[in-house]
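By written order: A, B, C and D. Residues from 1 in each chain.
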Amino acid sequence: MSTSASPVAAAQVIRPRGPSAFRRFARHRLAALSLVLILSLTLACIIVPPLLPFSDTEIDIMQRFAGPFTGPHLLGTDPLGRDTLARLLMAGRISLSVGFSAMAISMVIGIAVGLYAGFYGGRIGAILMRFVDAMLCFPSIFLLLAISAFLQPSVGSIIMLIAATSWMEVARLVEAQIRALRARDFAVAARAIGANDRRVMFRELLPNAVAPIVVAATLNVAHAILAESYISFLGYGIQPPTPSWGNMLENAQSYLTSAPWLAIIPGAAITLAVTGFNFIGDGLRDALDPRQEAR
Amino acid sequence: MGHGVRWLERKGDPSMNDHSTDRILAAPALRRRALLALGAGAGLAAAAPGFAPSAKAQPAQGMRKGQVVVGLSQEPTAFNPLMPGIEVDETIWMNVFDTLWYPMPDGSLVPSLATEVPSTGNGGISADGLRWRVKLRPGVTWHDGTAFTAEDVKYTLELIVAPGFKSRTRLGHALVRDIEVLGPHEIAWRMESAFAPYLAFLSNTYIVPKHLLAAASDPNTAPFNGAPVGTGAFRWDRRVPGDHIQLAANEKYFGKGPFLERAILKYVPDMTALYAQFRTGQVDAIIGTGIPANFVAEAEKLPGKRISKVSSGSLEVLMPNLGQPALSDKAVRQALYAGINKKGIIDVIFYGLHKPTESFAPQESWVYNADLPAHRFDLAAANAMLDKAGWARGANGLRAKDGVPLAFDISTTTGNALREQSQQLLLQDWSKMGVAAKVNNMPAAVIWGEFYVRSKFQTLLVGTGFRSGIDPDPSNRFASNAIPVKGGSGGNYMQWENAEADRIMVEAQATFDTARRKALYLRLQEIVRDELPILPIYQYVTAEGTKSNLMGYAPNINARQNTWNMREWYWA
Amino acid sequence: MEDGTVLDVRNFSVNFGILPAVRDVSFTLRPGETLALVGESGSGKSVTSLGILKLTPPVPFCRIEGQALLRTRKGAVVDLVQASAEEMRGLRGREAAMIFQEPMTSLNPVHPVGAQVGEALRFHQGLSKRAALAQAAELLDLVGIPDARRRLGAFPHELSGGMRQRVMIALALACEPVLLIADEPTTALDVTIQAQILELLQRLQQKTRMAVLFITHNLGVVAEIADRVMVMYAGRVVEQAPVRRLFHAPLMPYTRGLLRSVPRPDFSGAEQPPLEAIPGSVPDPLAPPPGCSFSPRCGHFSPGLCDSVAPPLTHAEPGHLVRCARWADVAGAA
Amino acid sequence: MSGYVVRRLGQSLVLLLMVSMIGFAILHLAPGGPLSQFAAGGDMTQEDLDRIAKELGLDRPLPVQYVEWLWRMLQGDWGRSYRDQQPVLQIIGSHIGATLELMLTSTLVAMMIGAWVGILGAIRRYSIFDSLATIGAMVALSIPTFWFGLVVIYVFSVGLEWLPAGNRYTIGDESLLDRLHHLIGPCMVLALVSTAVWSRYMRSSMLDVINQDYIRTARSKGLPERRILLNHAVRNALLPMITITGLHLPALLSGALVTETVFTWPGMGRLFLDSISYRDYPVVMGILVFTSVMVLAGSLIADLLYSVADPRMGAPG
């Protein structure tokens, strides 16, 4: 019995009994704040661009390199006189879509591979997991660059590229969860009453592994947004005129002295969005798995 | 040949300048030889005046002081001058090795390892052009002390065509037969057929040491290739891969100089970073890709720095693929041309650095036609042309004719911001003409592969040249038998076919009458300006920078890199 | 503080935030005496023991009130509740030591046991590393570890559970403390080992005359080792009596329930009454029932009496304290 | 123990084989090729290009090329660069120093700062310092490395002119001081993420440890707090960090690549980027295999170190 009166035990004692996951999440103040931030950012990207007096692709050479807060262009203009704010928000649409789509695809691949390998195991499962290990051997940027050489850069191909290089962690996670859960009582019980494999997999096992998957999904969005910016910075990213947060930064280096806002604004947007997703992931982890609270 | 495009585009690169063979615009020194009949135009290719080393200030022979750090935005990696390399590798070759002769800024050839440039006049070349005899300079030694002899030249010429050796090109060299060493310093050979450009080719053929390469089991992998030994003004010192190459003065150099103790060729992969290092003085000179256009004005105000705007032989063109139905219509090309805001591109995006042009020939060329109709940016006129040609606007405002939409991709290498900006400008203006153009950029290694040479592009924004090395002849780019995708051999990737142009080019190749050639090429320029198989935008100008007290730097439009005379550089 | 007592705890309370874990506990301990502290999980017995040595979390998380007077070997009396962190450091290990339930986790896995046993000696007695090790070997020998000198370099995981607990005891007794707090020291051990450890503790106690506060939920162990017993429920002491008295005449219904729920070590097989579990569960510490905290589970519950005011701790007899409004009735019913 | 190592090595070899296959396939299936650079240069004819492609063996079927590459690889011949004809291992060798210098120094910085931030955060849990450190670490993990590099250059090189904007040393100087001066910027940038990783894991590990019973035991012995933390808590909390450092290696390599690009640092990252864009297959393959070996060796060494450092781990696995 109660030997431990450690801070954690104490904190757990203080905590009211049985708060819902949502309440635990909401209490994670930074996560809640981040959720608000991401939602407003997403909404702004969807709603605001049509309301702006400038479009993201409208070139106005006479207005090039206007500084922020100095004229009609709230956040200034780029080397072609395009409105930075309009571009930032349109780029947000692209970058967030890339983030979510890449996450979705990588989750599908990762869950499929993880489910299969975790549930059936066997030789194919082992080969799949070794493949996962092999892919994880490459430092991610090396893999991204090697594959980007293979693709014609477009929004779709960048999404595929990022998804193709970020499903492995998910696969590993799901595989481990499923393998552990498979042996547990309810799975055995479900099988004992004659449920077929698919039913056991999708109705019994997967829902029980959902917490870490949700966390991984959130973190994957952050990862994808970052990855997009890296690829763009290294010159293999989404091609203009389509703006993305990453390709807005592509040439930032040469304007660092003359027009630093061109580098600072999109970089700050990326940092803000990625931080947001990371905090949400953190909050979700705490909310869905209180034992992990310390991390 | 002669369609060099810059390989890798660096971020902030202002000018997709290339310094390949096509920089050799003319070789007037040959004009009296009645051999190549390159004709008039002496001095056309001269460098901007005032930078030639002044004889007075030049140090005495044997005086050496200091080092120079030359910044390059690409890394020299190929050191065997006979093996495949890119333009930046020449910075090493031209300083470590020597050629038999080399071109001066005014186009004349100056003997180097040879004692004179052979000609029919001096008996070096037989009247039929088949027998060549070259006298070599005595007393020249390789950096390792071994004497340079005719055997080395023989070995070099043989190695180039040796089976299994990865030589860069055998063009011209493959015609050489029966190489004969007449003495330690005299060599002769026979040509399979008369090939006049070979004189020019040899001005870019570096002689390699037989005693080192022949001793290696495989010249492809000889240690020599990683630590070259030449006869040049500088000898190989050391290389820090990915960073710099250090050359040391060759005290026993047979020619003038060197006046520097060391020359360091420093690789700075980013042009903005390279410029920053030039500004802070870490780099003494930027040559090659030069200073990014957006920094040129600032650079010109830097104290203690000198900026030279150096004309290049290449042009920035929009290259249409005439295999595309819409683009095969001359009216469309003319309308597109009228819809190019050249002034906007040059003045705004490139800060006025480059020179607008109408011709495929560089303005310094002796065949340049200055009287071509001037381009006018006029969207109304462009729209009228399209209307007249039957390209009607559809409900969405986009034009089509006979079910063919006026739509195409513009491609260029990824990661080149200024070119991307040019693309944006083109797209915006053309969209006002009902043209649906979109960007489809790809990495250099992809775009210059099959996509380019098998004419898979729709339109390309490309910096390239339209001559045959030393000669203004552009038949490689414009002749109808130079379309690779139609079985031809050459660089007519636009797939342009024009009977009159073909006729002109054949005649101009055959005649030795300079005046006649010039007349023919003037006419060809008119045809090309009218037909627009290429839409010329501007001729490249590179802003190279040096410290003001670095003397001797002299841009040479005929040299592949402006380190061509580094042996004569010195610190004031 | 009475002469002849080692520890005098008065009105001792421990609060975690707004949550009272231990309320108003008072007791004394004399040299050589063993007081057993008994209760269910969550009754506050461990918190009491940790609280006395202030091994509970620091102030913002945990507040301690009341007094815990300790008479040191030299006769000085220190109130542990008021003592500074620095003073506590000087007292712990030297005057008052503690052994814990889990000998595996309570020993640092990355240090050899010799160093861990000797560590307190080095800090309290200023011994050199060598001297401390030599003394640690003697201590290990004392607690019955065979070939003690060789075991000095052993890591905890290399020892059996019983050996580990012996190491813990050696570690606690290194500086010959006047007070030993043993927090369920035998719970994690096999029954045979339990007996050995208890025997060892008793032997050592006789030798050093230290006072022992023995926390356990095992009444069998209590019968074995304790002089007096104190029963805790929901953070409060509900009954305190000499061990025989408590076993034979328990007054608090909870104590009675407790005794009925386990086999009686003091009865032989034939006399053994049938076992009964106490119905219900421990109250939520944040929402305690009104009145007596045991009232919802109590068989002697009297509406209006038990659920109105919390009953005080009353002297039923000299040395026998009970917290029950109906203790007299309960005693009668028995 | 040795059995375990042998088994791990065997697994690693299988992984390497897969890595090389994946890498080879990706590279060679990519459009464009090593000869594009020469085609673009314009002074080589199509015949020249075809001849060289043949000599490089690029005209043969992919599986044949792979098997041949693998066969040579197994014999220790990593091939030669298409660009400078040098043996691949020699090329990697001449770039790895710069990268290792960067990785090691930034790891040291990250360890020192990150570990202390984590330890302090765990000890003063929920303090203002802890909250700031948590937020800081999260932001650090979210900043694009290259962008942070640009900001560092903008502030410290362009603005304050304290640091050089790039390079590993001043040519001709190359003194230790000069090298350190050049190292500060890139090290700061690369260390950012590692520091964040270290502080977060260290905090978490430390929290685990300070709630352990043996820490309470140490307290009950009356040890000074400092000794409890250093000798009992930190020592144990550092153990999992060995594994974390091993696991962080791929991310560190990625970070190094990006940092090298921003600071024109002549290391493996720069080499990789150039080799990719020139389609210098042997070098790219060499780097992929080399980094994979590094990653695998890193995790194996981490595991072995762990088993040495933690007396509980007689023989893992």
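Throughout what follows, contacts are C-beta pairs under 8 Å (C-beta built on N, C-alpha and C of every residue); 3 or more make two chains touch, one makes a residue touch a chain.
In UniProt terms, the chains line up like this: A = Peptide ABC transporter permease; C = Peptide ABC transporter ATP-binding protein; D = Diguanylate cyclase.
Computed from a prediction, not measured in an experiment: that's the story for all the values here.
S.K.: Under the document's definition of touching, what chains do subunit B and subunit D have as common neighbours?
M.R.: Expected: A.
S.K.: Which chain's mean C-alpha position is nearest the mean C-alpha position of the whole protein set?
M.R.: Centroid comparison flags D as closest.
S.K.: From the centre of subunit B, which chain's CA centre is farthest?
M.R.: C
S.K.: Approximately how many whole Å separate the CA-defined centres of subunit B and subunit C?
M.R.: About 92 Å separates the centre of subunit B from that of subunit C.
S.K.: Measuring from the mean C-alpha position of subunit A to the mean C-alpha position of subunit B, what distance in angstrom results?
M.R.: 47
S.K.: Just give me the whole-number Å value for how far the CA centre of subunit A lies from that of subunit C.
M.R.: Each chain's C-alpha centroid was found; their separation is 52 Å.
S.K.: For subunit B, give me the residues that contact two or more of the other chains.
M.R.: In subunit B, residues 270, 273, 443, 445-446 touch at least two other chains, as defined above.
S.K.: Could you tell me which residues belong to subunit A and also touch two or more other chains?
M.R.: 3, 6-7, 149, 234, 253, 256
S.K.: Quick check: what residues of subunit D touch more than one other chain, meaning two or more?
M.R.: In subunit D, residues 30-32, 158, 213, 216, 261, 273, 277, 279 touch at least two other chains, as defined above.
S.K.: Report the residues of subunit B in contact with subunit A in the complex, numbered from low to high.
M.R.: The contact residues of subunit B facing subunit A are 11-12, 270-273, 292, 294-295, 344, 348-349, 414-415, 417, 420-421, 423-425, 427-428, 439-443, 445-446.
S.K.: In the complex formed with subunit D, which residues of subunit C make contact?
M.R.: My answer: residues 50, 53, 55, 85, 88-94, 97-98, 100, 102, 105-111, 116, 119-120, 123-124, 155, 157, 168, 171-172, 174.
S.K.: Inside the complex, what are the residues of subunit B that reach subunit D?
M.R.: Per the stated touch rule, the residues are 1-8, 18, 20-22, 67, 69, 75, 77-80, 83-84, 86-87, 164, 166-171, 220-221, 225-226, 240-244, 246, 264, 266-270, 273, 276-277, 280, 282, 443-453, 464-465, 469, 484, 489, 491.
S.K.: Could you pull out which subunit D residues touch subunit A in their complex?
M.R.: So the residues of subunit D in touch with subunit A come to 14-16, 18-19, 22-23, 26-27, 29-32, 125, 134-135, 138-139, 141-147, 150-151, 153-154, 158, 200, 204, 207-208, 210-211, 213, 216, 250-254, 257-258, 261-262, 272-273, 276-277, 279, 284, 287-288, 291-292, 295-296.
S.K.: Can you check the complex and tell me which residues of subunit D touch subunit C?
M.R.: So the residues of subunit D in touch with subunit C come to 212-214, 216-225, 227, 231-232, 235-236, 239, 309-312.
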